[in-house]
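Right after this note come the structures.
You will see chain A twice below: alongside chain B first, and alongside chain C after that.
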Partner chain A sequence: MKPRSSLAARQRAANFCFLAPALLLFVIFILLPFIQGIPVSLTNWNGVTVEHGEFVGLRNYVNIFKQGDFNKAAGVTLLYTLITVTCTNVLGLLLALGVQRTGKLNNFLRSIYFMPFVISLILAAYTWRYLYSDIVNIAFGLHSPLGSMRYALPAVAGIAVWRDAGYAMVVYLAGLQMVPRDYYEAAEVEGAGAPTRFFKITLPLIMPSVTANVVLTLAWGLKQFDLVMAATGGGPGKATETLAVVIYKNIFEFMHAGYGQAAAIVFTVFVAAVSSAVSFLLRRREVEL
Partner chain B sequence: MNKRAISLLIAAAICGITVLSGCQVTTSSESSSEAPAPGSAPAQSEESEASEAPAGDKIEFELMHLMQESTKRAGVDAWCASVNEELGGTVDFINTSLTQSQYNTTIKTRLAAGNPPQMIWGRPGTYPEIIAAGHALDLSDWDFVAKMSEENKKAACDPETGKVYSINFDKLYFMIFYNKDIFEKEGLAPPTSQEELIAVCQHFADKGQYAFARGYQPPNEVPLTEFNARIRWQLMSEDPTFFLDVMAGERVPSSSEHWVSGWYSWADVLRFPREDDMGRDVDKMYQLFASGEYPMYTSGTWSIGEVKKYNPDINMGALPIFSREGNKVCEQIDGSMMVSSKVAGTPAEDVARKLTDHIVSPEGVREWIENAQTVPATDDPVAATMEPVFADIATYRENDQLVNTGYISDFTGEFWTRWAELTTEFAALDDYSDASVEAFIQKVDGEFAALAQKNQ
Partner chain C sequence: MEKRSRAIYWLTRVPLILAALVVLLPFYVSFVYSVKSAKEIAFTGMAFPTIIHLENFTDAMAKSNFWLAMKNSLLTTVPTVLLLIVVAPMAAYVLGRNTSRGYNLLYSLFMAALLIPFQSIMMPLYSDLRSLGLINTPLGFVLVRSAFALPFNIMVITGFVKNVPREMEEAARIDGAGAARVYFRIVFPLLRPVVASMVVINALDAWNDFQLAVIFMMDKKAHTLPVMLYSFFGQYSVELGMAFATTTLSMIPVLAFYLLMQRHIVSGVMAGAVKG
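Right, the complex of A and B next:
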């Protein structure tokens, strides 16, 4: 019989080897560029000249919070995230509850509800641009919300909810199927109604699924870029301009690579902090089966 | 071999492939990322691309530009085909068209990677940073320059050094295009002033019709065009440093009466009942006008080909974009391209010289008019006969209504983008009362003041 320490070491080595490809990609495409961007964020580089601009210290970081565009974009991003996280999870859970029983119809409906998630965000954006402007306008006589300063952001969020609710449904379905039937039977015997069974049994026991979905949709919402760029380009005006779009425009359109890089670093820290905090709070509410 | 070993081998293979795919085999011409001083040719590295392409290999020549209209792309394709025929089919032309935002991103990425296209959209007035960074070749001693008019050459020069950096092949005119058949049927004469235009709009509003086909859905610059055309010709003649002064933070935009008047002039037209203008894109606007159901639309002469694509027989004319201050027509260079400094000393330079010579030749001008259906920069007299709208423009030239606005230094970078966003916001307003317009003008002042401070 092999010594335990040798087995454990081999296990750890094997685990590392399986993690290595993803870790390598993370280091090469995420961590290294992030680290390389830190000195750029301390300069006034315009992104075009070979020389990387002059050292300006923390001026870019100070300007981020003094300038209105970053703060406004932060507000837009948070509102967008609030809408998408709430609606995606509520709708996903409702869909999961509706199709949790196995059967031909439910199996078919699960596929239908999940289908939008297969479509890329860019394609979803262009599809809904057409739907809003041609179908909604002709069928209901309503103006496309993507052209309204007031309704553009909810309209874009609606596209994301339409696309992601199916994914949330799948995760919630997995969680629902882990809940023992005995609890429901006991609750029915005790006279608990459907709402009570949902809030006292279902919801606490599917908290791991809630945590996973909320953290995932939260990260998607905070980092939103491609859907907004394809649907409205951040417009009309700055109505749908998220933080990612502001960073992109500063680096690639406005020749403010140093400022944009600083904004990207602040943005990364912000997203990591918010995601970690939410994940921590939700995990505390999980119930061990 | 057990399963774990197989899994470990697969993981190792994935690692190896990932690492190798990130490694780029550096060609000799890409080994140096140093950009030369502005205007000078790059130093040739020892193993630079051979001055002659290997026998049997085609010379790759990419033109990257903003001409999204299919008619303009056809014009470029026609040029390339002619030059390729002249060069014995030895060139592989790549015609890449991008949107404005895509172009800014792509060109910077390609320049930073040392792999720019051989010809890139722009001229010194619109992309000064590319000139300053040495990415564009000095074309002052190229043959085509001798055939350029002084006016055209001025727009191709870097104002600081006087060197020529672009070839300009296309002019644009900001106009209101109208359906002559609808006007004739309604018994309306083409308006000649802002007041007459408002009367025409009122005529259609009284009949429950929309006077204009519009496509303001972001992202597009149609709203910017509508506002810009109403102020540009006054600023050109009376306040040419306006944009530069605002960007420098030396004044607010509302200090210019023309700027203020422009917003009110545009509001005069936007007040009339409108459809889902903000929900339609610019291509939809062309389709609607081409359908023959809308009397007018506002755009530039680059749109003629796009409308004719949907309805070649439409009987359309062109009007100035009127303002409260007058009825002039803004004329300026539109299509212009620079040559990458990377082509110097390579086979691609010969191709670039042939192509630029062809563009300004009579044959090249004809190809452009026939395919792109826009006004060439050479003021070819034949152009007026090839498209009725061009005849209208020739009439405005005879009446001294054309103002060349190509030399005014525009807003650039973030100022330009914010300007486009603000015009879209203005187009999306629900209320065009004087108070609302005044409040918007004040808001714009604040926005540009903040931008100027940010950029100091």
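Right, the complex of A and C next:
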């Protein structure tokens, strides 16, 4: 028995060595800062001084809900997310359905649709900022929508949709490949039209891709930061100020580190709750092949 | 019936090609405007250029700190990718092969971290990195970026490991090979497809990162491309031709990467979406 147990012990030691680098990175740069953030959120620290401010209990958390900026930003974030998740997924699915048959032209179209996804959100934002201000102006004689209280948010969302629809398409294409051909043939024999085939066969069978895409685009939407910072900086007024941007500004611009950290923790709970709820609801609708 | 469906197929190509043109428009406009002088922009607008002017590019490079930012982007992206190649598959291998309670708990911890937004850790991280002297250094960025990418990498690679048969490893183990030898000689080569996918995804994510860089690489000398663009466009009201020259220049490396690596990027996206 002895050699066997020492073998198991050696295997365990090896496992530990294999896990150690990842664990070390994770604990030092994710877990520890996350825990360190909790006491900070209970102080009025400005983030700069050596002393970490005074203990203020839950006052920051109360202020988050009393002062309007967090609630306003939560509304902006949810609206932004609603627009981007819906448009990215509908467009992505339409594109995937359009180019699902392989062929030279379709492969070429796929490459083009996916192309915007590889450039950074910052690059996308600046390119579109000039497109909106100059091209839209020349072509339609309109001012940039990014400067309008009413249209700035949809205009920012439009940039995200332009960039991400190709991504959603790729995931939907993977899902569409999994649908067995003979299901469609059987349905056609039964006399089912194209809409019936889509809603009764395609959509239920690609639900895993829908879940994957919706959950991911939802997370991107709720956490949106780069695009807003580069396209509008949160303006005009606070029309495009998302939660991630408000938190950044509080911590690094207004020097309200304690308050900003409390807002960041509420934000974490908010993102986790919305993401888990949506993914739970969608998973229930998946069917087994 | 066959004829009709073929007609429908070609009819639906029309909106799809139009969609492709809309997608390409920003790239086209960036390019066209970047090679025109201010006068030509006023007169010829979006028409394809007849004479290529490169002044915009030379101006953009001179004013925007472009080459330094490019160097910093490489100095942060390449080590991040390399570090993740080493660290993530090793951990994912152990987590994919062992399902007892401790390992599962660890896996769940990584998966829970997927939900943590960067905002909740950025301020404490900033203090920590400052006291370690890692602010505005590639090393600081590499460590944080890798740690932040780790949960996603582990999720994807662990999923892959579970589908790799164990027979070869076990045979090697019976022949007396140690754990390191089994991993590097047998397991790692089998993981090559998923590692290749993660390499390109990690490279894109690190190259395009703004959230971390805008906080940890704020010094002008440490700017990566996205932060350079942010400070460049935030500082000056940039004239149109030069603005597009700057964006075009920044697009070239990543679009070249896309054209070369398209297959891997797409399979990386698919691998990541399997489990969501």
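Everything below uses one rule, namely that the second predicted complex is superposed on the first by the 260 of 289 C-alpha atoms of A that agree within 3 Å, B and C clash if a C-alpha of one lies under 4 Å from a C-alpha of the other, contacts with A are read in each partner's own complex, and residues count from 1 in each chain.
Convention: a contact is a pair of C-beta atoms (placed from the backbone, for glycine too) under 8 Å apart; a residue touches a chain by one contact, two chains touch by 3 or more.
Remember, it's a predicted structure, so these values are computed and weren't measured experimentally.
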Partners on chain A (chain B, chain C) - clash or fit: clash
Which superposed partner A:Pro33 touches (first chain B, second chain C, both, neither): second
Contacts of A:Phe198 with chain B and chain C, given as first, second, both or neither: neither
Which superposed partner A:Phe55 touches (first chain B, second chain C, both, neither): neither
Touched partner set for A:Thr127, first chain B, second chain C, both or neither: second
Which superposed partner A:Ala14 touches (first chain B, second chain C, both, neither): both
Touched partner set for A:His256, first chain B, second chain C, both or neither: first
Touch count on chain A, higher of chain B and chain C: C
Which of chain B and chain C A:Phe65 touches, first, second, both or neither: neither
Partner chain in contact with A:Gly235 - chain B first, chain C second, else both or neither: first
Which of chain B and chain C A:Phe280 touches, first, second, both or neither: neither
Touching both chain B and chain C, residues of chain A: 14, 17-18, 21, 25, 28, 47, 129, 229, 248, 252
Footprint of chain A on chain C - complex, ascending: 9, 12-13, 15-17, 19-20, 23-27, 29-30, 33, 45-46, 86-88, 90-91, 93-95, 98, 106, 110, 113, 115-128, 143-144, 146-148, 150-151, 154, 178-180, 183, 204, 207-211, 214-215, 225-226, 229-230, 233, 240, 243-244, 246-247, 250-251, 254-255, 257-258, 262, 265-266, 269-270, 273-276
Parts of chain A lying in touch with chain C, wherever the complex brings them together: 10-11, 14-15, 17-19, 21-23, 25-26, 28-34, 36-37, 40, 47, 95, 98-99, 101, 105, 109, 111-116, 118-124, 126-131, 134-135, 138, 162, 166-167, 170-171, 174, 208-209, 211-213, 215-216, 219, 222-223, 225-226, 229-230, 243-244, 247-248, 251-252, 257, 260-261, 264-265, 267-268, 271-272, 275-276, 279
Contacting residues of chain A [partner chain B, same complex]: 14, 17-18, 20-21, 24-25, 28, 46-50, 63, 67-68, 129, 132-133, 137, 143-149, 229, 232-238, 248-250, 252-256
Touch list for chain B against partner chain A, complex: 4, 7-8, 11-12, 14-15, 18-19, 22, 33-35, 101, 104-105, 108, 111-112, 129-130, 132-133, 135, 216-219, 276-281, 284, 413-414, 417, 421-422, 424-425, 427-428, 450, 454
